[in-house]
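Okay, got some structures for you below.
Heads up, the next two complexes both have chain A, just with different partners, chain B and then chain C.
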Partner chain A sequence: MTVQLQPPFRYVGHKRRVREDRRFVAGGGHYAADLVLAGMLHCAPLQSEHPAARIVSIDASAALALPGVHAVLTGAQLAAASEPLMNGANTPLVVRYPLAVGQVRYAGEWVAMVVAESRALAEDARELVQVEYEQLPFVTDGEAAMAEGAPLVHPPHGSNVLLDRHFIWGPVEERFAVAPRKLAYRVRWARSSTVPLETFAVTAQWDASQDVLDVWASIQMPKFPDQIARSLRLPGNAVRVHYDVDVGGSYGVKRGIKHAVLVGHLARVLGRPVRLVEDRLENMTGGDMQGPERVFDVELAYDDAGRVHAMKMRALDNVGAYAGRSPFQLGKPIGAIVGPYAIEAVEYHALAVASNKTPQEAVRGFGQAPTNYALETGIDQVAAALGLDRLEIRRRNFIRAEQFPYLIPSGTTYDSGNYAGLLEKTVAVADLFAERDALRAQGLLAGVGIASCLEPSGGNSSFEPLLNPMNRTTTWMESCRIHVDALGGITAAMHTTTSGQAHETLVSVAVAEVLEIPPERIRVIRPDSLASLPSNSPVGSRMAIMLGGAAVRAAQKLRAQLLAIAAHDLGVPQHLLRYSEGDVHAPDGRKLAWQELVIIAHREYFRLPPGVEPGLSASSIYMVPTGGELPKDDKVQMYPCHSFEFHYILVAMDRVLCRPQIRRYIIGHDCGQVISPDVVKGMTLGGIAHGIGAALLEEFSIDAQTGQPTAASFMDYLLPSAHEVPHVEIVHQTTPSPLTVFGQKGSGESGYLGSPAAIAGAINDALAPHGVRVDQLPMRPALLSDLLEGTHA
Partner chain B sequence: MKLVLNVNGTDRALELEDRTSLLDALRDGVGLKGTHAGCEHGVCGTCTVLLDGEAVRSCLMLAAQAEGHAVTTIEGVTPGPGELSIVQDSFVETHGMQCGYCTPGMVLTAVALLRDNPTPTRDEIVEAISGNLCRCTGYGQIVEAIALAAERLRRSNTP
Partner chain C sequence: MKPAPFEYIRAESVLQAQEWLAADPEARVIAGGQTLMPMLAMRLVRPTRVIDIAGIAGLDTIAVGADHVTLGAMVRQVAVERSAAVAQALPLLSKAIRFVGHPPTRRRGTIGGSVANADPAAEIALVAVTQGAEVLTTADAFAARDYFLAPMTTALPAGAMVTGLRFPRVAAARRGTGFAEVAMRQGDYAMAAAACELVLGAGGEVASLRLGIGGATPVPVLLDLAAPTREAIAAALAPLEMMHDPNAGAGYRRRAALALAMQALDEAQREVMA
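Entry: the complex of A and B
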């Protein structure tokens, strides 16, 4: 059980500069593409032009004849020398290699990798590779892919369904049978992604005299070194991933296993460092970084007062051409399947379907944002059916503050919360309904959007064994090691990459809080994977909880060491000593200052307690505060902590162009005890911006006739600019988690989890007077104006 | 081809393929890695540098087109090792960045804005940075940073 540190805090929660910013703002970040190694070769992938085709032949002779071209690697060659990439679902016949083997399964799939002295030369040579294809039938729509007779993406698997799990938690049919009112609806979440501005980049170098593969990659990937080693048939300790690479944004997608296996293999075979930096087109089509694409069919059973008693949800996710981890994105939302509402029984049917589209990857929230959109749409519709206020419907359905810890039907216990409290604080900021009516009086379409949702945080892997019983992984740790050098300097190590979440600042603040030493005096490093303790990575909104927890635990151990040394040296029982700002004080006024304690630990062995090892060093491998058990009866404890956000927004648009403009954006946010206020603020604002993209702009559209992607550049895949993102007003509430070292919860996905739902709700409120509604994202102007065509002004 | 680029006040003699973009010339030819590639088709602004003080996209220019002009990169607005300009320091003060990848382009765009307009309104700041995409921050703390920088510059004697 975690012993919680109590406020007031010295450093936690105080405004403080983010230490990483100092290097970034000077252009001093070290990104994967910045690395230059002697003799480095460059890659350009040859991509499939067909959504499905048999590869008849590949003729690389003309490309290889170009001076400076070193290799053209094909899928068959790589498959012969490596193991398939890991599947998340239990689909052993859905085989995936970094390059297509025998058959291409989506337009953009990487067919061969050209390696040359420069990237430009590799691109020239790529033009000369001749691939003969025999086109095959294809399917790009998820529902069509499930139909009888649909072309099979992986014929050996026998079906396009990669995951089909049906859960019933609680008396669903009983609740539906007695409910006086029911509602059924469908919503669609289009395929979008996080689209970091840095594409994926990786460089690998094989050291043949030490049998070590060095890898520098822009990753945010749990168990990355293990997966490379497994695929390349190397011992785990023969892959050294350098975690001190700065990652230019990820928000989930920078997994890069296929990229790293490719360049790792090439580096070994060619005996030269090899680098692959995707260009934007390669990234958008064949980088395998697109997000969930879902159709939700939902039924709600509710009563005349608007209380929702039961839900049936079917989620069909079009995961694209390979399985990867993407089916798990249907699993994570199980941990907050009822959102902030006291829904008593739930049926959940999760379907992951393969199609001839780019494979999916993890996206911020790991499936939670689409699920929240589906649920919030239903709550709004219940309100509409009863003529109830959309705030009131939420008040009536919220889990009440006194009900925590609260067990939801699917087996997760919510740690803490005060949902109604934050709703009231947020709506007190402004009367957006009055502002809406004023806009309507001016002839504009205007609507208020409301979304209340959870951010499960402190990510573990409980959804893996829940969805795939073959997978028994429940351990999901994060680690920190602290070392005090002989001059008294403190260095703390974290053991994963970081992609903009200010983890070094987090570690320094957490260690500083325990040691009572200013964060500025604590260096934070990210050693390579061979010098690291077991860790995962910044997934599942976990690092404040997990890395923060590990840092505190390690610091507490170090503090205990200092006290033990002092007790022995001063001849005073430990419990009588007082630790303060690095010094240890005895009741009689004597003290041992930090420097003195360091000297004893490092140089004066004769003063150390008997049996105590010299030096000052401590570490913690911190396990997620709850979870760790295998699922039982289809239920499991998912993430430990549950942040809450309440979105309250005003959208206006004119009737002709139908371009939604967010006039006000107010968000109530409760992530427990905040550690770094500026960081949490940035996460929330960035998450909202990302949600605006998903709700209004972004879609990896595809031409159904040809199977070709039609949004492969920033000209047609539209990212929100400063014009589209409004000023955001944040209302804070602090409901500490009882499970964490400071009472903190996660905030890495905040904003994004509710903003699409809120925007959709606002647009539907704007459309409501005209008798139309829209239940698909993104809600683009053309869609809205077509809907309004023919309605009365 | 051989050419001379004036980068951050220093002439740099380079030998490059004719087709080399200014972005690649800066990163691979001059070795200044603070300028980053984002989309390489002129939309995201990540690769922004100053050309005779104007913010331009270095991915859309050939290196040859920059000959005879003064190119300023993020390294050129950094006063010295470990030091920050007022604009840079303001970005740190408001945490106007997260992953740092778009940040050099944002800072240079802000420098160009504030040179021309020492008292920008919020709308003018938004307009100025609307050609620079940021995927992390949602722009809020970047707008705050530029407003803070404008205020500090007005109060300071030296830029």
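Entry: the complex of A and C
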């Protein structure tokens, strides 16, 4: 059980400079593509032009004849030398290698990898590789892929359904039978993603004298070194991943395992360092970085007062050509399937369907943002059906503050919350309904959007055994090691990569709080994987909780060591000593200063307590609070902590042009005890911007006739720019979690989890007086305008 | 995204560029490179030679004469944006230029490059057609409305090069202009755009009304208007072919063109009355 530190805090929650800012703003970051090794070779992937085809032959002779070209690796060659990539779903016949083997399954799939002295030369050579294809029927729509007779993406699997799980939690049918009112609706979440400016980049070097593969990669991937080693049939300690590479953006998608396995293999067989840096086209079509693409069919059973008693939800996710971890994105939302509402019974049908599209990867929220959008749409519709205010409907359905800890039907206990409190605090900022009506009086379409959503945080892997009983992984740790050198300097190590979430600031503040030493004096490093303690990675909105927890635990152990040394040296029992800012004080006024304690630990062994090891070093491998159990009766405790966000926004648009403008964006945010205010603010603003993209602009569209992607660059895949992202007013509330070291919860997905729902709600409120509504994202101008016009010209 | 190999050469004069172009039909001219560079990088174009005209003396001048304003092909869009002379003599262009891309692309992008590229969404082309400008080339001068033939297709003869744009000067008295467009995001290619110049006579009567539509149609179109009314604009738009793409269909573009034309007209009217 975690012993919680109590406020007032010395550093936690105080506004301080984010320590990473200096190097990133000043151009001091070290990214994977900055690495230049002697003799390094460059890669260019040859991508499939067909959504489905048998590979009849590959003739690389002309490419290999070009001076400076070192290799053209094919799928068959790589498959012979490696194990398939890890598969999350229980589908052993859905086999995936970094390069297509025998058959291509989506337009953009890597067919061969060309290796040359320069990237430009590799691209020249790529054009000379002759591939003979025999085209096969294909399917790109998720529902069509489930239909009888649909072309099979993986014929040996016998179906395109990769995951089909049906859960019933509580008396669903009973509640539906007695409910006086019901409604059914469908919403669509288009395939969008997080789109980092930095594409995926990896460099690998095989050290033949030590039998070690060194890997520098732009990653945010759990168990990355293990997966490379397993695929390349190497011992775990023969792969050294350098975690000190800076990652130029991720929010889920920087998985890069196929890239790393492939480049690792090439480095080994060619005996030269090999690097692959995707260009934008390769990243968007074949980088396997697209997010969930869902159709939700939902039914709600509610009463005349607007209380929702039961829900049936079917979520159909088109995961693309291979499974990977993406089906799990249907599992994580189970831990907050009822959102902030006291819905008593839930039926959930999770379907992951393969199609001839780019494989899906993890995206911020791991499936939670689409689920929140589906749920919030229903709450708005219940309000509309009853003629109730959309704020009132939420007040009536919220789990009340005094009900926490609160067990939801699917088995997760929410740690803490005060949803109604934050709603009232947020709506007190402005009367957006009055502002809306003023805009309407000017002839504009205007609407208020409301979304109240949860951010489950402290990520663990409970959804893995829940969705795939073959997988019994429940251990999801994060670790920190603190070392005090002989001159008294403090160095703390984290043991994974960081992709812009300011983990160095987090660790330094957490350690500083316990040791009462300014964060600026604490160096934070990321050693390589062979020098690291067990760790996962910064996914699942977990690091404030998990790395913060590990850092505090390690610092507490170190502080205990200092007290033990002082007790022995001063001859005073430990419980009478007082630790303050690195020094230890005895009741009689004597003290041992930090430097003195360091000297004892490092140099004056004769002053150490008997049996105590010299030096000052402590570590913690911290397990997810409440985690670790296998599912029981289809129920499981998913994530431990539950942040809450309440979006309250105003959108206006011209009646014909229908380009939505966000006039006000107010968000109430409660992630428990904030550790670094600027980091949380940055996460929230970035998350809202991300949600604006998903709601209004972004889609990895595909031409259904040809199976070709139609958004493969920033020309067609439209990210919101500074012009489209409004000023955001943030309202804070602090409801500490009882489970964490400072009462903190996660915030890495904040903003994004509710902004698409809020924007969709605002647009539908704007459309409502005209008798139309839209239940699909992104809501583009022509879609809205055509609907208003009653045409689809 | 590395271009296929090509030879890069810098022209010292228009004459030299013209000779190189005439000698090699696969050669391409590069001005600001805001379109050509990505196309090269994606190997969508594969010229044998890329002829850089940025170093040609005199091609980047803005000349305001008694009857005309002439912009050289290498005039950067940012120079137009910041030019007080253009704001005074060509206020419609001055307004429209702010809708061209973004500040970083306007810093590199040129007047001639935009005209030569002939993107249907290009604001500079729309203003040129609306105001009856001439496209100056090494072969001939073309009325802008005859120059743009289809998306990315112009009347420029093979081997010729755009050298500038020449606008007629309109007396500044009693003139109003308006520009409006809708794009997916600010700075994106317009799904529809409208440019308007309204000149009143001494008695307050309409001396000249020019209203052009771009973005929605394959090339910018100067509307043939019977009167400055919504009905007249709708009637003028009715026979025009509208483009469609995944972002916006023809119906949306037609409605948007009308709405934007009304906005531009309204802006021009308010300005002339002020």
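Quick note on the criterion: the second predicted complex is superposed on the first by the 789 of 793 C-alpha atoms of A that agree within 3 Å, B and C clash if a C-alpha of one lies under 4 Å from a C-alpha of the other, contacts with A are read in each partner's own complex, and residues count from 1 in each chain.
The rule is simple: a contact is a pair of C-beta atoms (placed from the backbone, for glycine too) under 8 Å apart; a residue touches a chain by one contact, two chains touch by 3 or more.
If you're wondering where the values come from, they're calculated on a predicted model, not measured in any experiment.
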Worksheet item: Given the touch rule stated above, what does A:Asp279 touch, chain B (first), chain C (second), both, or neither?
Response: both
Fill in: Contacts of A:Arg22 with chain B and chain C, given as first, second, both or neither
first
Item to complete: Look at the residues of chain A and decide whether chain B or chain C touches more of them.
Response: B
Practice prompt. Pick one for A:Leu657: touches chain B only (first), chain C only (second), both, or neither.
Written response: second
Discussion item. If we overlay the two complexes on their shared chain A, which of chain B and chain C does A:Leu685 touch? Say first, second, both or neither.
Written reply: first
Discussion item. Looking at A:Arg780, would you say it contacts chain B, chain C, both, or neither? Reply first, second, both or neither.
Written reply: second
Discussion item. I'd like to know which partner A:Tyr251 touches here: chain B for first, chain C for second, both or neither.
Written reply: first
Item to complete: Kindly classify A:Arg436 by the partners it touches after superposition: chain B alone (first), chain C alone (second), both, or neither?
Response: neither
Discussion item. Quick check for you: in the superposed arrangement, does A:Arg230 touch first (chain B), second (chain C), both or neither?
Written reply: neither
Discussion item. Tell me the contact category for A:Leu697 with respect to chain B and chain C: first, second, both or neither.
Written reply: second
Worksheet item: Do any residues of chain A touch both chain B and chain C, and if so, which are they?
Response: 120, 279-280, 713, 715, 721, 723
Fill in: For the chain B and chain A complex, residues of the former touching the latter
17, 19, 27, 31-41, 43-44, 46, 73-75, 78, 84, 88-89, 91-95, 97-104, 107, 122, 125-127, 129-143
Item to complete: Could you pull out which chain C residues touch chain A in their complex?
Response: 1-5, 38, 42-43, 182, 184-188, 191, 246-252, 254-256, 258-260
Practice prompt. Using the touch definition up top, name the residues of chain A that touch chain C in the complex.
Written response: 119-120, 123-124, 127, 279-281, 654, 656-657, 659, 697, 701, 710, 713, 715-716, 718, 720-721, 723-724, 780-782, 785-786, 789, 791-793
Worksheet entry | Touching residues on chain A, where the partner in the complex is chain B | 17-18, 20-29, 31, 33-34, 36, 120, 194-199, 246-251, 277, 279-280, 499-502, 678-679, 681-690, 713-715, 719, 721-723, 725, 727-728, 751
